[in-house]
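Just so it is clear, A, B, C and D label the chains in written order, and each chain counts residues from 1 on its own.
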């Protein structure tokens, strides 16, 4: 009980947060017009090393099936319609075709998606210190999702916190510290390193499957995520990308004046390739069977000019 | 000039086509409820062998940027809207967010997408002999796109026909025969084999970039594709998947009563994982630089229950 | 308390319902290909008489503002996006423009809309005995919403049941009988007659405004509506159209095997122009002030070929 | 031939245009927060008088059927999908339902719609001198389409210019002067007056029906409309609303630096209720038969909070 209470996000003052922001800030590191951010950490050798992890040939989706049902965490259900079915014959003879239509406002806490670097601004600045005036109602002029058009490929490292804690999932509001991430590394005999893709499991989706959807925002129950200071570890280790269930944020965040500090730090300061709302329920079974928590990851956003992100289906290959 | 004329699709009678259909029919081959079709040819060893092709760590998108501009080959332009921009402050303080909305009826000849096996019926039957009544206006009950949820991963083999012919692109209506595919293999010193992903280039997208969009349907100029008899080669070689620019079809097809014979054969008879409207303009540069026409392919459709296909962004890794 | 219980829908057997269906069935009455149904009751004189009711020149919308917020009665929230705002200058100089995009799956219990006659089938038959095979996944071939393209214009007669009962609204599950409709006529000193547009108020929307949205379906709390036998009165009186808050249905209906009997009778049997989910909170104020419950109604669905209905904004003019 | 040339828009200097803007400017006339603009000219008596025009009871739609086909004047085709058809049985027994989905970016030159006053800004100001900062990417805070929620009702007066000129339609680029409007009044024995709804016919839609769609923008063939100085007549006469085929604009406009002067004057300066892309092909038949060019108009935009306009179906009643 009391342990649970201690796991809540600790208070961080506005000043302390801004110091943290400065520490992990990569602005200018890869040039003034860089749009790849921490993906620059992934060298050809890292890609090759990731491919070398493919041994059993198994692959696993890290995406939640697209959700068309409105709910407390899905205010913008995807809309999916058949264009036509086989109840009528094609006008052009054989073969016959059916088709469909999909529409989605994907940001939020329900649809598996990746963020573009333009998705986040902190105090009026995008990653690399660029002005928010670059992102108008006509769409972003810089740092849209096409910066990731050729895919995000590297070694995925799953740190499975519920496994470490021997619970099914973390409860809303719980924050994972750097110490706990390092404990998970030890438990899995693995180490997050340069150019790695950090797969972070809180059990968010497992909880949704078993308990049902909940409002995970500030006017609801909240959600489990990282302690903002744990971002220092990702910075020190030169982690390239972030694949969480949930979205990495602890709600409430504990940070004075900053509702979503993880996004501010990862995307705004570091330029990290970040995604939201994945699920690892299939992945953890394979990890246990293979007894390894590293694998090749290939993730490819849709190639949408002006996209502030994209639905996607990241794949782990073992 | 005359050569060009000879390259047009040859006439195939309805009877001959049905014999072809029978020859390549895989119905029942992998059980009565199989939904993976020719992906069954990809063994764990094939995946591992594909990953072994990753040497330089380069990756290339095979997708066309999503197109929101209506045109003769884009009657259903994607709709893309910003949900909000940075012109207003977030209600919740820092950080600020922008987001967007994407909607698409993706089948057709403009949006890079993959077909689900339910997308095609020939003479009232889906792949594996299933009835079209399984696909209603509420969506497919079987063989939707989630059959490919865990990704399509294997060795991609590009047969670049314009390179073989030393032209920029094939002209609409031209059909590529088995003999020409074999000649391309020879020219590239490669051989399509079991479990391979056949990347087929006619230069369709290059033509679009240089000449502009055209109506490639039966009421327009048509398009270049495969000779239906070339499908026998894909069947004999146990090819697993098909990634073309254009969609593999020659229009007009030359087949009596069958407007789109390639889809009928590949999807309806063989159960092949097929996609449409890719582009290889970036790919061919890398192939030339690396002097190899084989690479790892990872392709992951969105995980849409009931989808008859999906927008996607297949990635080639070298 | 006990009165409330009595107000619940009484049981109607399947046989009795089918007899009711036969009694009010207008099939063939206006020819085999009629698509206007009970709108045929509105003669030019009725339109003129309706216009003669315009005396004070006041007009009132009967529509609920379009709702983009998902909730228990709004599983398909409308999607509304700005296309662009004034944060950027137009490319073409002055003036500058902003625009927006609206998308809606409007049937259901939240969006003010009108049904086309093709929207309902009972035992495999549409109004006028037409086969449901006329309505495929490509849309209806007959009886789409364009049958009402030139507007529905006539005398609106509001029967305000909460006013009669001296309550704010009817509770979910309560059914209004013919006797009660006639009592409302008496209380308002008015009589529904041939060619009239029946405006039926249960207070559904008032309840939503004050209590909040609720699930009004069979798996929820239900809703207040008409007793199916009250439809006989509408038939006898030759009523032309129906504008309810809620949708006229009592849930649960009390009818054996028929979840939504009012739609079956009104649309399927009678061919009545019916709408759903209006609001009369502004209307009743004007009615009280003017001390009359009759007014001109003009209602114009969007002119959508193939529409099974339409969002609309019906107007009462006093 | 030469006559045609003379009919082209005459040159108006930037200075002259701004003087025109000043002359017709109604800013402040109805209070600093007015959102109804020239609709204020419609008194209760005008509504009553309009209703008195209803004599034969005929009604006519002024809307073009919603267009889902992309073309040179329809870059944003409406998207319309069936949600389900009758090919499957309802889960809840009888009756069965079909439904559909409609999505539209309606501004432009193809979809019959009305503009909200927030739709237009001239030199950074909306109608009534309000700042464009009131209209952000989250939508307008003021002057959205709900200002017209209770309908636009009044006397419609059709001035049919092709009838006056004895041509089928005006050619693109032709501009109608005040003198010609007055000549049309004389020919129809009618006079536009205070509180009237000006129905302005150039034959734009007839041309589209007979010749096919064309690009009517600055990079295309243009379109026929009003001479900007004719707006003085609408101002002098206290006209309340504007219903044109086309959109009232002559393209090219002839005005230095102002591509669409009619919108700037009508909406930006006058606060006039303006619509675009209507059709009067059915209307003119009724006008000829009734030998009158005046009728009641009822027009009701969808009640969309934040809408910059709305699809609608205005109705003329005779």
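Rule of thumb we're sticking to: contacts are C-beta pairs under 8 Å (C-beta built on N, C-alpha and C of every residue); 3 or more make two chains touch, one makes a residue touch a chain.
Please read these numbers as outputs of a predicted model, since none were measured by experiment.
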item: Chains touching both chain A and chain C; value: B, D
item: Contact-richer chain pair (by C-beta pairs counted) among C-D and A-D; value: C-D
item: Proportion of interface numbers common to chain A and chain B (over half same, under half different); value: same
item: Cα-superposition angle relating the copies chain C and chain B, to nearest 5°; value: 180
item: Between chain A and chain D, centroid-to-centroid distance (C-alpha), Å; value: 47
item: Chain C-chain D separation of Cα centroids, rounded to whole Å; value: 29
item: Contacts with 2+ other chains: residues of chain C; value: 79, 82-85, 87, 101, 103, 105, 136-138
item: Complex contacts: residues of chain C adjacent to chain A; value: 69-71, 74-77, 79, 82-85, 87-88, 103, 105, 136-138
item: Complex contact set, residues of chain C against chain D; value: 43-48, 50-52, 54-61, 63-66, 78-80, 82-87, 92-108, 112, 118-123, 132-133, 135-140, 146, 149-151, 153, 218, 257-260, 263-264, 267-268, 282, 296, 298, 300-315, 317
